[in-house]
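Two complexes, one shared chain (subunit A), two partners (subunit B, subunit C).
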Partner chain A sequence: MVQILIQQAENSTELILIELQGALEYAADKQSLSGERLGFLFFTQNEMPVCVIGQHILDGKMVELDKPLLVMRKRQVDGINNTSYQVECTIKRKLLFHKRSKPIVHYAPKKC
Partner chain B sequence: MNDEIKHFPENVQKLLTDARIPIEQLKPIYYELTIGEHFPDDSIRLLEVNNSLIEELDKSKKLVIRGAHDDSATLCTSDQIFEIKSAETSNTLLLASPLDSSSVNKENGCIALTVNSILHSKLELTQCVSKLIRIRQLFEENPYRGHFDDEENSTRKITMENLRNDIQASDQAIDAYLKKLNVITINGHLRLLDFDFRTKLIEYIISIISIQDWSKDNIPIDKCATEMREICPKYVAKQFLEQIGTISNDGNSIALNGNTISTHYALDLLRNLEKMKLSEFMTCWRECVPAEFPIDLEKLKEFVIISEGTISYIDIDNLSEKPNERIKTLFSRKNTWTLSELEPFLSSLTTSNAEFNSLLAMHTRCIMKDGQKYYVPKYN
Partner chain C sequence: MFETTSNGSSIQIDCKKRLFDEDDSIEKDPEIIEIKQRNSVKKQKIISTRYHCQIPNQPFVVLTSHLNERYYLLVRDDDDDCFKFSLNNGNKTSLLKVSVDEMIEKRVRQELEELTKSIDKQSTVIIENEDESTLSIVDEYTDELWVEKFAPRAFCDLLSDIGINRTLLEWLNLWQYLVYKRDLSHFRTIQTRHQQITSNESNKDKNNLTGIINKRTYPSDIQFELDAYKRPQQKIALLCGSPGAGKTTLAHVVARHAGYNVIEMNASDDRSIELFRTRLETATQMREVLSKDYKPNCLLIDEIDGAPAPSIQLLVDLITRTPADQQQASSKTKKNNSFILLRPVICICNDLYVPALKPLRQIALILNFPRIEQTILAKRLLTISEQLNIQSDLITLNSLCVKAACDIRSCLHFMQFIVTQKDRIITKKMIETTTVLGVKDAQKSLFEIWTEILQIPPSKKTQLTLQLDDPLKRSGKVPLARRLQLLDLVSNLGNYDRIYDGLFEYYLTLHFHDPKLTSIDYANSWLLFYDIINKEMYIQQNYSFWQYAPYTALVFHLLFITHRPIQMKYPQKQLEMLNKLRTNTTTIETMLNDIIPNLRQYLNKDIIILDILPYMLEILQPRLRQTNIALFTNKEMRDIKTLIDVMITFNLSYIQQRTANGENAFVFEPPVDTVTYFSGTHEKRGLSFGTRQMIFKELIKERVKRNIRLKSDKQEMLVLVKRQVDLTPKPKPSHVDMIKLQPKVITPNGTNVTRDFFAKFKLGSKNSQTTSKSFDQIDSINKPIERKALISFAYNEGFSDAIRCKIKIQDLL
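Let's look at the complex of A and B:
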């Protein structure tokens, strides 16, 4: 039997949770993605978030979570008997992009 | 209007134009999402909790997960226990952190956010009942028998810490169960008193108070424990006395709990028999229990099944923890039950009144007989 502890980290990190419908496709394999730009996030004057990822525009909203989330980091020292979790952050809201994305359409300039 | 951050940089303006997002409707501060250098961070897990767990975490700075490698994992707090299960989502969850939360690049109003985790699942908690039967099994490996006890031989010494590590239950549930089992401490270890040994102790105490002419409501703990040294050490006697009586305000004496005594005698009569005629049992019971202690069948509710003029012992801890199996066993021993008869056996399987009622509705149906409500199995 094991007892695994979940503990507050000494310094909490600030994290933002963004939820997108569907999946993100990666052009290359995961490891080489570091540094790659994912997209942009804008907010309208009435606080509505707009996300642009690749050729997609997503409209969303800021939502309070029904149940808060703990973001935990698993620490494993010396095998399974020394597993523990550190809570890096508590999340109470998320940016939810629940509508279908709209494509960015590029219009070729008309020739005169 | 923020005049310092009037326009987005050119590339961003172009993007917004192509996307047909009217720039004037946007706030001037925007965020650039980049994949971080630690991507993918595989050590991150999301755990869905509730406000009381957050308070618990703030207060005691930790939450505890317990489980055997083949058990499901459970989250245990001081008074609650939850099953932990992973739930997948078809949505994509990004965790983004500001590169430097205090700085906004004033030149172009951009805050950089790095994404180090992209997740598709979270851990969910479902409240469940404690699995306490293991505690009793541990203790029954070596119950205490007084001076004849061979403590050196005990293969397993149990401490409170062992229990917290081994048992999937909240601390409160463990404490309450230990109290119910009347566990005592011997040399820092927890032990269960052997049943027949308890009978011996009770009879010894009753004869001592008669000899000493003490009142059953005012027994001096120290003197009584001294008188009991023939059958057990003084510190064991003291613990036992405190379990079977109510301690006085000054801590020096106890008032014997009549209910505890008479229940013990009832169990002594019934536990080794298949069943007994109810009338015979009541006579025997009244004869065994010293006259000054009352006998009350109601108080035996969670230990017995009374059916068709007979009474038999039932060990609730040996019943299945699965509601449908437990109900099957109960109805196999008795066909019709009243609500108050069913309640002691089923309430420990549910975590709320609503759950209890829905359990009944699922497995039983109600009939009226002579103006009384009875429950019978739903399907014969």
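Let's look at the complex of A and C:
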């Protein structure tokens, strides 16, 4: 067995996977979502994540991945033959929002 | 003659005889002396003189004689005694003590009494002479009923009509081919003979105008064919007639003559269904075990019109059942119902038209018994009375027959009763004054009553001369007794409605002389009278009017009585007309139902029938040529257009129906032409089939057009409404509405969100580039959340294939 040492580069941020059980809809005039704000992510006091997208609020939990994922960058130096992949980071945890999203209701003052 | 005045003025005296100078001279007059004496004999009073020469004290009256002398007459008081002294006991109109009628009557009575005394003496003389035979005769009288004793034993002793006797015998003989197993050759000869006779009779009848039943005919009612089991086609004989006509006797005699043993079943027996069946079966299937000579049974059912209807129905069913029916039935029922009629059945009834007998009437041989001939009956009674040594004569017995309505049973009973009570003589007086003579209770049928009312009885044909009479003055010609009898008859039946229905329906077919229609008018006014009292009786429950109901019948009797025989049928016109009225009313109502409201407010049934329909039908049936619609002239097109317009407005249409001939025809729907046109004028006025078909098509086209127009009008109206709605400014939504979930563009406020939903979790709220609008006017305490309307999240709901939802075709297209 060849052992490959994986070293985490310094100043690398840890990436956490966000898993949503749903689809993201966006306005038709936009073609892609790159660079757009998705929503808000908060952590409660119990360290439970809360995500707000649009009018929906999602509750979730932090889950360890069974098999961690590597985030790699492909580098092609000196032509085609010499390609390498540089590992940016590993993903070991994910935020799983498994519960149903709840709508956000505006507060209306109750007039008597 | 005196002429007296109350104030005492002068008076002329005519009568010289009454001139007297003094009071004394009055008394010299022999007449007045006689009167005075007579009066004085009767009463012991002194009559004061009437004439004075000087003015008296009492009230007076002055008289001046021709010699110019004055006399003073006293005025009598009303209660003066001398008024009461009259020659004839106060009767001022006649001179005799007793009226003449009374004297005659008295004299006649005396004579009669003398006569009867002498006769009685004679009869007692006779009886005294025959002492021995008296006892035996008395025994004879009380021993046995004469009805039984003198009942006919042989066929030729029968009193009823010979033709009917023979018919029944012939019918019974038809059974012998089954019962006695005789051959059929004899049967053929009888059949041919009958056919010859009936053909002769039918020839005779053509010439016979009066239509009186010829008593010597052989009625052709019998069907001589035998069925598969060698039974006659008519397995039951039904004898019907008035009581005492000899039906039961005939049946017994004939059955015995043909060699049958008669088993009788009467009204006094229990006639429930089970017992009926058992009796029937025993009678026809069992035999008399004890007697040496075997005689087949014949069942005789007496008084069958009183039997319950189910029993009669059972009888009919059992009789008409054939083995073919039985094979079709299941085996279970076979066991119970294996019954074939193998013996004759004779039924006797009084009233043929009882509803329970209807099934029997259709399959039975019907024999109508007329009443026994009066002369024959009288002769028979005479022979019987001679046998019994009773003194009587033919005239007396004739009157007895009349009184008993030719009922032989009641005649014999009467004779027996009278003779056992009194002496052996029957006089006319006995018959007239008897209360003993009982007639068997039999209601006269409707037809008989009509005959009584409208036809002169044959015996009185010569008495009533009606030709040149004023009908209203005829009442004197019809004797009072006859009138009363008629009233009794009619009121016994009681069914005045039916009687008058029949009379009203057929009285115009009678022959009567009435040039001014006075009789008809009078009769109708009496019918109206009956209607009124009937109605009042039912409304007020006051049944005292009931006694006046039969008088209308009497009026009809007097007005319309005729020599000719009448042909009356059961009245049906009333019911027919009522049904017709009902159908016409429903027709008009259906027509009224769907007329457009504009018109409907002015219309009711009467207006439609009387004013509108006759003329409308003229419009609806114009004269059109039978060509293609495209070839019509302008005028014709206009006619058609108005026609169709009218039909649509009044909700009329055509409908195709099969007529009685099997053809198709277009008929108005609803059938207003039957309502409007009198029968008979109808067929000429309609349009032809082709024209109607064309009109029908045009009608449908026009209707469809109108419907479309209506719909499009409706839609336009809706659109108009909608636009009006849109133009009005939208009302500002209320607070409640805000609870609904709607993605809204929220306007940004000048001040940043001081307290929003996620005040705790503020992360990057500064980066939010929300531009939001807001329509609400909510307080700043609870401000709306700033949201980016760019991205939204849709949770995976799962598959929605199996959820029912409404889809319109428009969505798919």
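Quick notes on this one:
Quick note on the criterion: the second predicted complex is superposed on the first by the 73 of 112 C-alpha atoms of A that agree within 3 Å, B and C clash if a C-alpha of one lies under 4 Å from a C-alpha of the other, contacts with A are read in each partner's own complex, and residues count from 1 in each chain.
Convention: a residue touches a chain if its C-beta (ideal position, glycine included) is under 8 Å from a C-beta of that chain, and two chains touch if they have at least 3 such contacts.
Quantities reported herein were computed from a predicted structural model and do not represent experimental measurements.
Judged by the touch definition given at the top, the superposed model places A:100 against subunit C, while subunit B stays out of reach.
After overlaying the two complexes on the shared chain, residue contacts for A:19 are found with subunit B alone; subunit C is out of touch. Of the two partner chains, subunit B is the only one that A:90 touches; subunit C does not reach it.
Once the two complexes are overlaid on the shared chain, A:35 sits against subunit B while remaining clear of subunit C.
In the superposition on chain A, contact is made by A:50 with both subunit B and subunit C. In the superposed pair of complexes, A:73 makes contact with subunit B only, with no contact to subunit C. Which of subunit B and subunit C touches more residues of subunit A is settled by the count: it is B. After overlaying the two complexes on the shared chain, residue contacts for A:58 are found with subunit C alone; subunit B is out of touch.
Subunit A residues 20-24, 30, 33, 36-42, 50, 52-53, 104-106 lie at the interface with subunit B in one structure and with subunit C in the other. Residues of subunit C that touch subunit A in their complex: 735, 738-739, 741, 743, 757-758, 760-761, 763-764, 767-769, 776, 778-779, 781-782, 784-785, 787-796. The touching residues of subunit B, counted against subunit A in their complex, run 12, 15-16, 18-19, 21, 25-27, 29-40, 43-51, 54, 57-58, 61-69, 71, 73, 75, 90-98, 101, 113, 115, 118, 120, 122, 164-167. Within the complex, the subunit A residues that touch subunit C are 20-27, 30, 33, 36-42, 50, 52-56, 58, 100-101, 103-109, 111.
In the complex of the two chains, the subunit A residues touching subunit B come out as 1-8, 13-24, 30, 33-45, 50, 52-53, 57, 67-75, 80, 85, 87-88, 90, 104-106.
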